[in-house]
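Pasting a structure below so you can have a look.
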Amino acid sequence: MAAKEPPAQSGDRPVLGIGMVGYAFMGAAHSQGWRTVGRAFDLPLRPALAAVCGRDAAAVRAAADQHGWAAAETDWRELIARDDVQLVDICTPGDSHAEIAIAALEAGKHVLCEKPLANSVAEAEAMAAAAERARARGQVAMVGFNYRRVPAMAYARRLVAEGRLGALRHVRVCYLQDWLVDPDFPLTWRLEREHAGSGALGDLGAHIVDLAQHVAGERLVGVSALSETFVRERPRLVGAPAGPAAASSMGADPAGGGPAAESGAGAGLPAAGGAGRGPVTVDDAVVFTGRLASGALASFEATRMAAGRKNALRLELNGERGSLAFDLERLNELFFHDHTEPAASAGFRRVLVTEPDHPYLEGWWPPGHALGYEHTFAHQARDLVLAVAAGTEPSPSFADGLQVQRVLAAVERSAADHAAYTPTDGQAPTDVPPAAGPVPPSLTTTPPPSPPPPPPSSAVTA
Amino acid sequence: MAAKEPPAQSGDRPVLGIGMVGYAFMGAAHSQGWRTVGRAFDLPLRPALAAVCGRDAAAVRAAADQHGWAAAETDWRELIARDDVQLVDICTPGDSHAEIAIAALEAGKHVLCEKPLANSVAEAEAMAAAAERARARGQVAMVGFNYRRVPAMAYARRLVAEGRLGALRHVRVCYLQDWLVDPDFPLTWRLEREHAGSGALGDLGAHIVDLAQHVAGERLVGVSALSETFVRERPRLVGAPAGPAAASSMGADPAGGGPAAESGAGAGLPAAGGAGRGPVTVDDAVVFTGRLASGALASFEATRMAAGRKNALRLELNGERGSLAFDLERLNELFFHDHTEPAASAGFRRVLVTEPDHPYLEGWWPPGHALGYEHTFAHQARDLVLAVAAGTEPSPSFADGLQVQRVLAAVERSAADHAAYTPTDGQAPTDVPPAAGPVPPSLTTTPPPSPPPPPPSSAVTA
Amino acid sequence: MAAKEPPAQSGDRPVLGIGMVGYAFMGAAHSQGWRTVGRAFDLPLRPALAAVCGRDAAAVRAAADQHGWAAAETDWRELIARDDVQLVDICTPGDSHAEIAIAALEAGKHVLCEKPLANSVAEAEAMAAAAERARARGQVAMVGFNYRRVPAMAYARRLVAEGRLGALRHVRVCYLQDWLVDPDFPLTWRLEREHAGSGALGDLGAHIVDLAQHVAGERLVGVSALSETFVRERPRLVGAPAGPAAASSMGADPAGGGPAAESGAGAGLPAAGGAGRGPVTVDDAVVFTGRLASGALASFEATRMAAGRKNALRLELNGERGSLAFDLERLNELFFHDHTEPAASAGFRRVLVTEPDHPYLEGWWPPGHALGYEHTFAHQARDLVLAVAAGTEPSPSFADGLQVQRVLAAVERSAADHAAYTPTDGQAPTDVPPAAGPVPPSLTTTPPPSPPPPPPSSAVTA
Amino acid sequence: MAAKEPPAQSGDRPVLGIGMVGYAFMGAAHSQGWRTVGRAFDLPLRPALAAVCGRDAAAVRAAADQHGWAAAETDWRELIARDDVQLVDICTPGDSHAEIAIAALEAGKHVLCEKPLANSVAEAEAMAAAAERARARGQVAMVGFNYRRVPAMAYARRLVAEGRLGALRHVRVCYLQDWLVDPDFPLTWRLEREHAGSGALGDLGAHIVDLAQHVAGERLVGVSALSETFVRERPRLVGAPAGPAAASSMGADPAGGGPAAESGAGAGLPAAGGAGRGPVTVDDAVVFTGRLASGALASFEATRMAAGRKNALRLELNGERGSLAFDLERLNELFFHDHTEPAASAGFRRVLVTEPDHPYLEGWWPPGHALGYEHTFAHQARDLVLAVAAGTEPSPSFADGLQVQRVLAAVERSAADHAAYTPTDGQAPTDVPPAAGPVPPSLTTTPPPSPPPPPPSSAVTA
């Protein structure tokens, strides 16, 4: 926000009217992003917080007032229909994404949709198709994988793209939280398959699949998974509706959440006495391994049961020329090892990603002044506004979101099929070639040739 | 910002009109704080960004537009006179603080003044006296020691106040930056005594003196100091006025700065060729030791010459029952050692200060979601608005700022007098009792009794 | 070594004569352990370095002199036959373990055998059977999983056994090295299946399987694995024999190695020109997931291709009441999170495992004085001597080593069978029950009941 | 110990007979060093543990047996007189150093003396003079500043000497322990001035003064100090003699100690009831600042009252081209920042100082295999044996030890004189030039010119 060069009078710039559906945790974070982006960055369009939508009229009115939205709506179809809304920002649970997003695109609006894109591959396919059609009309559609916009992650991707890591050998990612450790944490909608789609997998796993592919610049081709629900019954909520269909919980959202996020959803209280316990129908945790297109080995873990880990999204990449490591709990830091240096003075260096030439830092503070979680939403808004203004495909697109959805589906299929290695492109597991690598001669056939590293131009997204 | 309970309609609340003087680094940070505070916290008054002031009409107009101020002024006296301004926020260099603050207070306005309070003890005394008079009229005046509002620091103070550390033995603080390492970094106003007052001492040292006293809950009674200017001449700026009197640099400000901060001041470029070099008249670095009221030993260091350290404000306290450690480059973390535990399982624990019951966290995100530097300004605004509404003395008050100024002056006197131990209350160094502790019998007289620890009620500020 | 209480005259104690086979990296480490153990610990027997064995007479004579062995032998059968040898310590590559160990046991000697116990399950079964027979005659046999004797790991096991972690949810272990990153690192015996058995799996994976089970106090019941050989051909060694059958490389050994370890094996130099490249027939890396007996999810990774990671054996356990984390590169530290504390002051605490009441610390220095890698061999020697003197089963026994071998074999089978979940007890993969946890209703049958946590008495080893 | 090249038959090499005085903590550590050095390093002389000395015949006999000394003596004069002793290793408290060392040197023996060299400058001067005379006769004398031999510190010195840091700006060192936090820790000889000379200053401060100068390659020219004894009375020991004159406590030693070290001294128990408390006559803690010859600012802290810090010797150097940071609690790691790199990818890198070309690593294990505290004694023994064999001056020499002693004396004088800046060369404080740097014009005269950086050849020691 250091006004190096006063921008042209932003008051003269065209307005981009935003309409947001949902107003809980994600809604608050997106609101902060939209309010701030034009202050920090010099944009060709001026985002305006036109209207917010939720089913409970009083609550949405209060949320509009708190977060700075000019109007409130109680029907998302009305929101989409507003003339002052050019971009629809969807912050609801996953089971409503497809319907809202497709309607908005068909109404000619740009769309930002929270992750995961949908609760099923079929929904995601319909959304990607709608985005493709809208793209031809000049509309843009983006998925809210906001962690791509942590400056350290954007810088990590740059280092990989510049070849500083060389051929990749390993990708190692986990996303550890602990808000389900307590067996008496109540049965919210996030723990019900019909509303949330899946548990840690869709909530946390979607983030790390996208982020790992984004930073690595290549995609997972197959996975092998185990998943678990450690606490199979939890106290039912009393005085709260069962799912997100209820008014106030429209505001609930599927981002990496936890207790505080839930409390924004008018979640009620755990049942005392007679209400009893109900079944948890999603996973508490999932671990999976896989291979990237280049042949690199990958390991993933997503859990809500890692006591003491609050938001530990950790990523490490090892390549022939260098390595990178990151922990979201220290989001201003990136650890980089340059393996081409003399061994005596080499080591993982802690780069404080707050320098002027780091991604997104032109908008912020002097070196060493930390950014936080919410900045990712301002960065996401920046990139989306630039895409709208330029008429270019945003990243991650709905097609990218669909690809992540396919990976998640492959993880679920593998977990249901004795961890069998499962391709991410929808083929049946039986079509998979045998695992590469050293196996006893009696058990293996000719090993497949090691795939060549992808050319730089094969990056996942622009 | 997780709207646990929708606040009452904030639109109905009384407005508190803010008028800000200066609009560079600190101005941008304060603007973000004022814009955000009412979104994150449920406040009795609604802050409104009424007007911003700077001498260059076009530049201040652009800044108003960028940062969201409703109006722009070019004369701070006009700003103070505005009816829609009830609180004047001073973000200018130190040499203008006294004049503006006193005028604002005398005009009946509340005041927030950036640190250090002034460039001299005399100015600070006049300001504290003005604040005292205004206090009787119901006005409030606060100094911008924003690092008190890092949640980890507010929580550290709470732990100390609760007795978790017991009698203090050591306070160890440094503030390390590196933006002057390059000998060709130009001669900005921050390096000129007549404008900046001092160098690292006033800029960084003021922060750590205040913060250490605030967390420890007690004050420095004497100091011994060495200071140094390693690079005594630097390239003059070409095409830029010499000091902050120039229009655009009114916006410059004295907060923990660095290159990016300077660039907001329309700083021009280092001279090539004939313009040559000019003398640096402030310190690059200062190291000092001291004693707290309880007898604890303290050590301080403030420098702009620590290569690789960007914003390393590090603080450690050791007490009879426990210890605390902190690093501003990892501002969401506080390290706490409980010395009353069995040794086998004891150790510094890393507390992620993002839990709902940590200070200020009621306004933000779920556990583990990092806050950043700028949040301290929203927290500062929150506490100031609450003080205005309640009519209570804010903390840190101008009296607190004056006390810090006296410590800085004692540091300068000691540095000029062979590091002689110098009391912080303005007495002459010769009045100092001999250093306590073990000295050869031939050199010492009866050691002074160890002072008793202060009662809990003797905390520096409320 | 702080002589708190001078022990009884150790000169009067019975001697335990040691005969060691192999004298390279592991031989040097074991020698240091045997020389030191009686100085640091008060033992009932006095270990004496009786004789060392290798095939090259001059080289073994030099090694004996360097490492302090009284005699040298060139035939291990002669070593076993010596009257002054009561314990045979086997530090050779895995393909000779079975023959030497069984002969030594049948000759009435105690045995310490480096890990992994053998190169196949069949060999390990024969060895365990021989140990069982010898046990009836009062002999003891131990496998050299020395990392169990890192004080932090022994203390971690104690914390788990005391219930400080509660029911386990996750075990997360990796062992990362980088000495194969360079594609021109030569083709040593460690990269040839016929001598080494496997690659990273047997060398590093064996350590982490044993260590994870030991600390967790329970065993893996099934695994799913992917493995890879990234560099499939490497330069042949010139002027060096092909395998460990050559004299000097008898001293080579299978412990967590790297370049320096190789150089002790008289390894020759990579071929220039005509000698060309030969095939690597073991894995460079393996990743696998699994389930423990209690139902906890586990993930493992062993690799020699993680640029910048030198000896990063990292282990984390998450339970319902707490968590533990460890990194062998910082082996004096254990991180412990107590989840039963108030969230506001909870966090992973860094315990410096150098206190007098930490395991093995009675033999060493004051708190805070670091131990190193080689201390694990003194600790191993201590525990083995105590077992010999008391006639009790040492831990890890050959039966424990066999169980690890079965896990490694299951990993290899799974890697060869599309990562299919494979039980560790030798059953065919098709007998595996479907993966527990949340899968789409159409894909799953009734989920198996979550297994109860094992009673504390079910610990793997004493 | 990896036997890369089997050394020549060490059995044929000349023996260097060692005689050690004292056998507690330091005696145990030195014994381990002497036993191990010839196993790890290829030396021209073979150190033999000839005899150990203490006043209690039974205890010294037991110590000899435990630590591997061939003979035991009860009078150090007898030890010196032995024909099989060529080098006398002094591990007693400081008050006996001068007498023993001078006698040994005059008897024609080489000497290794624990730090600090003496309890006073006068003693140290006599010792340095004796060493100078002995030097002419081909004898060598070394002071036991073992931390110079931590590989990371030796490597740090190399980086500085190579110019990787450029002109130094800051040296920041502390040595934090916590064994006196408990006010009921008893009154051992270490807390009595007549035996220990000083408290934290001589014990810990001596280490950091020497280490900082050694790594920086330049010396302190002046200091300003505060010291404190927080707990002025402690329980007297019952059933133990008052000082180290008693037989068993001859074995006590002055190295960075703590509770466990004390217990080796036959320390008795704190008094219950009538015995009461006695005065502590040394410092618990000292903080001091200073200037190096090049003009760099330095800050030091030594304390036994930092709860939770066990052996935290921390050192940071900042120069114009780079920085270094180190913590003895993680002694295998050195953090290095190269300030000549592009800011975007620069940062402190963690170098694991275990590579083959790091200092002393030729004797040990593959990369990543940690060394510990005691290795420093083997390294010290190595360098001393090489100096004996080559007839060269060892480092640190007694002259170096004397210089450190002068710094400590200047610290004590400053602490007794209101922290007045005190030169380290023995001049009176009044001769000190005014502090350099920026002071108000009215208070200062012409600032002294910044001293030029010393030429590389001006390194403190070879």
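When the chains are written out, they are named A, B, C and D in that same order, and each has its own residue count from 1.
In the analysis below, a contact is a pair of C-beta atoms (placed from the backbone, for glycine too) under 8 Å apart; a residue touches a chain by one contact, two chains touch by 3 or more.
In UniProt terms the chains read A, B, C, D = Gfo/Idh/MocA family oxidoreductase.
Keep in mind it's a predicted model, so treat the numbers as computed, not measured.
Asks: Measuring between Cα centroids, which chain is at the maximum distance from subunit C?
Replies: Result for the farthest chain: B.
Asks: Tell me which has more C-beta contacts between its two chains, A-B or B-C.
Replies: Most contacts of the two pairs: A-B.
Asks: Subunit A to subunit C: how many Å between their CA centres?
Replies: Averaging C-alpha atoms per chain gives centres 40 Å apart.
Asks: When the centre of a chain is set as the mean of its C-alpha atoms, what distance in Å lies between subunit A and subunit B?
Replies: About 37 Å separates the centre of subunit A from that of subunit B.
Asks: Could you tell me the distance, in whole angstrom, between the mean C-alpha positions of subunit B and subunit C?
Replies: Distance between chain centres, rounded to whole Å: 54 Å.
Asks: Which subunit B residues reach two or more other chains?
Replies: Residue numbers touching two or more other chains: 309, 337, 346-348, 352, 367.
Asks: Sort out for me which residues of subunit D touch subunit B in the complex.
Replies: The touching residues are 167, 169-170, 172, 174, 176, 178, 181, 183, 193, 198-199, 224-230, 232, 280-291, 295, 297-299, 301, 303, 305-309, 318-323, 337, 339, 346-348, 412-421, 429, 432, 434-440, 443-444, 447, 450.
Asks: Using the touch definition up top, name the residues of subunit B that touch subunit A in the complex.
Replies: For subunit B paired with subunit A, touching residues are 1-4, 6-7, 9-11, 23-25, 28-29, 31-32, 35-36, 39, 58-59, 61-63, 65-68, 177, 179, 251, 256-261, 263-264, 309-312, 328-332, 352, 354, 356, 365-375.
Asks: Quick one: in the complex, what on subunit C touches subunit B?
Replies: 155, 159, 336-337, 343-352, 355-358, 367
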